[in-house]
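Take a look at the structures listed below.
Common to both upcoming complexes is chain A, partnered first by chain B, then by chain C.
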Partner chain A sequence: MSRFGLRLEPRSNLPKWLPWAVPVGSFLAALLVGAIVLFATGQNALSVYGRILDRAFLSEGAFTGTLISATPLLFTGLCAAVAFRIGFFNIGGEGQFVMGAIFGSGIALKLGADAPGILSVAAMVIFGAVGGGLWGLIPGILKARFKTNEIITSLMLNYVAAVIATYLIFDSNSFWRELTGSGAVFPKGKILPVGSWWPNLDFGSIIVPFGFVLGMVIAGWLYVLQRKTRFGFEMRVVGGAPTTARYAGMKPTRIVVAVAALSGALAGIGGAADIGNFRHVLDPKGLQQSGFGYAGIVVAALARLNPVAVVFVAVLLGGITNAGYALRGPDFPAGLVGVLQGLILFCTLGGEVLARYRITRSVRTPAGVNILEAS
Partner chain B sequence: MEAVTAPAVAAFHVTKKFPGVIANEDVTFDVRVGEVHALLGENGAGKTTLSNILTGLYRPDDGWMEVAGVPVDFQSPRDAIAAGIGMVHQHFRLIPTFSVAENIALGTGHDPVGGRFDLKKVEERVVEISESFDLPVDPRAKIWQLSVGEQQRVEIIKVLYRDARVLIFDEPTAVLSPLESERLGVTLQTMARSGRSIVFISHKLGEVASIADRVTVLRHGRSFETTSENDVSALASLMIGRDVESVKRSAGAIVDSSSRLGPVVLEINDLHAVGDRGLKALEGVSLDVCAGEILGVAGVAGNGQRELVEILAGLRRAGSGSICVDGESLENGSTRHPIRLGVSYVPQDRMGTGLAPDLTIAENMALKNFRRPPVARPPFIRQSVIDAQGRDLMEQFDVRAPSETTPTRRLSGGNVQKVLLAREMSGDPKVLVIASPSQGLDVGAVATVHQLLIDAAESGVGVLLVSEDLDEVLALSNRIAVMYEGRILDTFDRAEADAQRIGMLMGGQLDVSA
Partner chain C sequence: MSVNDNLFVIIMASAIFYGTPLVFASLGELLAERSGVLNLGVEGMMLLGAVAAAWVSTNVGGPAIVVLPLAIVAAMIAAGLGASIHAFLTITLRVNQIISGLALTIFAGAAGLSSYLAGIWQLGQTPVKHQFGKIDVFGLSGVPVVGPILFHQTLLTYFSWVLVVAASFYLFRTRAGLHLRAVGESPQTADSVGISVSRYRYFHVIFGGSFAGIAGACFSLMIVPTWVDGMTAGQGWIALALVIFGFWRPDLTLIGAYLFGALSSLGLTLQARGIHISTALLTALPYVMTIVVLVVVSNTASRRQLGAPAALGKPYEREER
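For the complex of A and B:
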């Protein structure tokens, strides 16, 4: 009695095309599985995908909306990508994003309507970076000093940040809260002075938010930092072999702390950009609902932690999100967009396994025994 | 029973190919009932693949196997176990939080996971086995509490518990001290005399010669010859197919020229330190190394050698004492300062400490000079310079790999050591500290590494060689220091050293005449 099973053998050689094929294949696989889900909910998958494509990229003004949705994902994606690269699993992009939004909106309100716009915007970028950076620094220092697990500490800090934002608007008469007019009745944040609203670059049919441009520039800078500088070289060594890094005269704990702060700062700028470009007000509920920090992890994974690829993946997932807003209605539950994003992450991580192992057919495989060891 | 003529297990014309590699080709050999049969071969000769085929982990592409004269076709390791073939792996497969008895019972059908389970019975049987084969171990101890040697005994008992008639040992002595290795050899022979058959995989010639009844030599995946030869040098030339004595002879040459020594480049004074467990590891070590000499530190592992070399590399802090490199004193616990002062270090844990496995050969070779021009043009690094430097060093040190951009994790043990030596020798070091340079390397690679060390000394570097392999220390060193329990018991010139006295000192016996 023998039944056929599959076994995984590690690949000895990774072909050049594989790193590209895996995310693309994973994405297609996610669409395929998504089609089954859509079919089960009584939707026509082809027409839904067609509509997503249309509403995300093709129809009038769609791409502008996509870039707006992509901007926060771009920053949180970079946040996760840079930290994961050195094996620092920062799940705290969400909280760092919120802290950036708090700091960024705070400085804009403080400078007030009289400050020149360029000063306000620059200050928001810097303060957003500082807010997120400080929030990222906490799990970094805890890991470097006490070897705490950064996944847990950074995740927990997300809740702390969310509560702080809620407190500032709903449970206190803070500087951020609007206390006059309708704000006296319904708690809400102060609207930022118009001068501090981030500019949009108008290319006729497409309007590119300044936050997105800034994100692209930072992505390029990160690429250079990682591939071409001494610090980037140290990052690569620390990521794969911390003991060796120490042996070679590097200081892995310092690099971890620095990258943790950098990672947090990226998400923080994202938070400031979200306020400066779109919301123009500190809106704890809206920030919480969007979950950009967690979506950033999907972006980073799909981009294989490559900062330049993060730009494209952010646009792709931003498009799906954007189309999701447009599609939402009685015939299309909002949750389906989340389902699609979840499927994409699932398939990407599965795809990673396929990139590293080859599947071969074998006979009667007792579970777990046949995963071969390279010798 | 007159079926003695059929071998316990035999392989006929077995071939196994992996993408791009032929791991085994037309391998034929047989193991008789009651013998210790060694599989001898260099790293990469196909020993491990062959044992994986014997234990049902791989299926051969071609050829067949017989157990006690009956052809078998193993579909999975379970079939091999059922046929009485068991394997003692080099890397143990034990669950640290389970007890010895629980680990042994796992997967036998009466295991703790499966529900009904009589641990008492298992424990009794474990004690029985451990007594009859001199494998002392407490069946109730948890695995994490055991030493490496004890864990290996558990692995052996695990196989015996399943009534294996053929036991395959994959480089069992790699993790053992010399004394434990010797004891294991006796156990293997006892098991063979009890009617079992032992397949003993090794590349250590001495062991093979002393333990095995017959030896099958594998070379480049083929079974080269089966012999009952037990002369070490004859086995050596069978294994590598060339003369290994040449290096030893040139090593002798350096001993004769020991008179022309340079100034002291490394001066260690009254060094004290504690080990990982808070126990005293170094208790007043003092050593001098001169330019152009190899100072060998002999000693049984665990007598403070690791702590000593780690302090020199800055990976560990000294409690007290001083270290001077070329007259300049070394900062305590800084890894960058020794690099700046010209202290090169080739660690024993080459992959885990010496190299970043995912980075390329060229990048690993730049690990210590990427901060300075010409590799760096601050704050940038120049990949083209890194790659060019990698290509040069690969050629100079004869590193064999497809290209300088190959990740180091794909390299064989010998090439890994050459990459390390290439990097550590390339920065004009004053001192080279090297720990167990030939551990895990095949004979050919050992010869190359030894030659590189001799070259280093001749070029004026002061070499501190720390090794448990006394023959290695004797063959290479101008002077020999013996380390025992955190102290240097004595230091001799090579000419005055005799192996017996050193052996006594390694065992802590100071007074030989008594």
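For the complex of A and C:
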């Protein structure tokens, strides 16, 4: 047996509670480890967590802010969930999100103040999807055509997208850039016409951004797509057993390209939603600092790639992100949000194994000798 | 104007200067991948190394000759600890290597533990106290052309050359190196002749990770040299691409690192010369180049011919033998 080895024995039947226990248990375990990190560095973990809970969900207007942060996470979470489902590791949600923001803000500016609001919003959704989808197609086509590793290509495209956004605002006299007024001195983007700002649905104490509602509808559609359609069936086969898919006459490369575009389009709508609901301007630095693309992978993993679960997880992690923004300052540890996100992902990975396998201590014997037979 | 002010000489010299962290990071990743474990946590481990080195350099008293080696050791330990999480999850628990590595980068990276620690330690307000400066080797820095390129670099660069030679020797001329390659190619075979697959994997993932720590220290002690959140700016990802670019060989990886070092420094160099070109677009060049190279490489030859370890990315399940 391996010297470092704990022995993993697959459980013969997976218990019914597993889909719930793993995410809940992983989340709690991550909070526990996070508390240890906080204590070890001289912070009061209970008070930090208490403030996060307060500013994420409890205090006046907090939930609205949480939904605003949850909206981009919802879309990038769906982006990762759809792609990972077929084993296409699209790490490019970040770049596809930015391209969606560039395309979405571009069309809103082009249509201008005279266009009816509903037209502007619809155009932003479509252009966001196109921008993100095209960016997602690149690693998809390279994978399908040249077998190029999609992890590295999609990652590199994140940086290229960030550079393009920076170029449009800081390094050129582009259509997106405000060249009059204070914009002539400090580079910044043009503010989108008010008509194109995405509406909010007012439920009294809670205001739900339209982007979040759209994300919920799309999550439901994806659920149906994956469970009830031929395409969804093919996705599952390609994800589970690519060779079988080929024998069954499916075209795995075509499905990879289609899913890559779909995945990118989802992140792209997220980018457009972030601009439409929240920023109302192409802000490269703000987009870059938020890191929604990478956080989407955490969302997808914690949701176990289930599109409906992504909605709930996005709200949970959106709460932490929102509290992180709200509490930012000298008495709140910077970087804590990333630490918690990373820990959640570690714990989800570990928790999945703990739930699927029985773990026993390994007995050390020379290789190839069965201890029972030898005696 | 002396021959050493020539644009070619300046670009070559800065290629080596800016390529040095890439040499360390890709060499470490190469060792891990040779054992069959892909680690996407390079970026995160680099930032852990950078923050640890910055702390030691700023807070530990003593002469530079004592503090700087200590800072490097601290960087290696910090990054090695990060790598050990990945090692445990992927080798013992056999989780998906891609997601585990990403988790490490999110956990430790620009918006994670490295920034958290830098905030608590109040780094970043001032430059680090001790830095690696360029040294004049044997007084040869004035020699035409080769002087500034080869004999006027920092100690870290010379250290990276030693490591590249040592790693090549280790991989291809020693018994342990042979075992390592066997573990990465065919863990079943290695296991059947009594090589401990998990021991080799643990060691190379953690030791390789500690190289990423040195790469991070290059930023906080040599290139920048102060703490800035997310200061590695995605170079960790380029290191991953360089391993493929260098066909999993230390010497070719070094050449690739300097090529990318040249691309990263081109914008600064040209601007200093008054040649106006969009810096934003120039910064995109290394990333675009990486994609182009990967496409060419993956299209011209099969992975096996390139030298990719056959078991790369696959957990080893002994029970299934």
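By our rule, the second predicted complex is superposed on the first by the 355 of 375 C-alpha atoms of A that agree within 3 Å, B and C clash if a C-alpha of one lies under 4 Å from a C-alpha of the other, contacts with A are read in each partner's own complex, and residues count from 1 in each chain.
As a convention for this text, a contact is a pair of C-beta atoms (placed from the backbone, for glycine too) under 8 Å apart; a residue touches a chain by one contact, two chains touch by 3 or more.
These numbers were taken from a predicted model, which means no experiment stands behind them.
Contacts of A:343 after superposition: chain C is touched, whereas chain B is not reached. In the superposition on chain A, A:334 makes contact with chain C only, while chain B stays out of contact range.
Judged by the touch definition given at the top, the superposed model places A:243 against chain B, while chain C stays out of reach.
Judged by the touch definition given at the top, the superposed model places A:47 against neither chain B nor chain C. Judged by the touch definition given at the top, the superposed model places A:230 against chain B, while chain C stays out of reach.
Number of chain A residues touched is higher for C, counting chain B against chain C. Of the residues of chain A, those at positions 2 touch chain B in one of the two structures and chain C in the other.
Residues 2, 12-13, 227-233, 236-237, 240-241, 243-250, 363-366, 369-370, 372-373, 375 of chain A are the ones that touch chain B when the two sit in their complex. Chain C meets chain A in the complex at residues 40, 44, 85, 89, 91-96, 98-100, 102-120, 191-192, 194, 196-199, 202, 229, 234, 237, 240-241, 244, 278-281, 283-284, 287-288, 290-291, 294-295, 298-299, 317-319.
Chain B contributes residues 18-21, 48-49, 52, 57-58, 75-78, 91, 313-315, 335-336, 339, 345, 347, 352-359, 363, 366-368, 370-371, 376, 378-381, 383 to its touches with chain A in the complex. For chain A in complex with chain C, the residues that touch the partner chain are 1-9, 37, 41-42, 89, 91, 142, 146-149, 151-153, 155-160, 163-164, 166-167, 170-172, 289, 291, 294-295, 297-298, 301, 333-339, 341-343, 345-346, 349-350, 352-353, 367-368.
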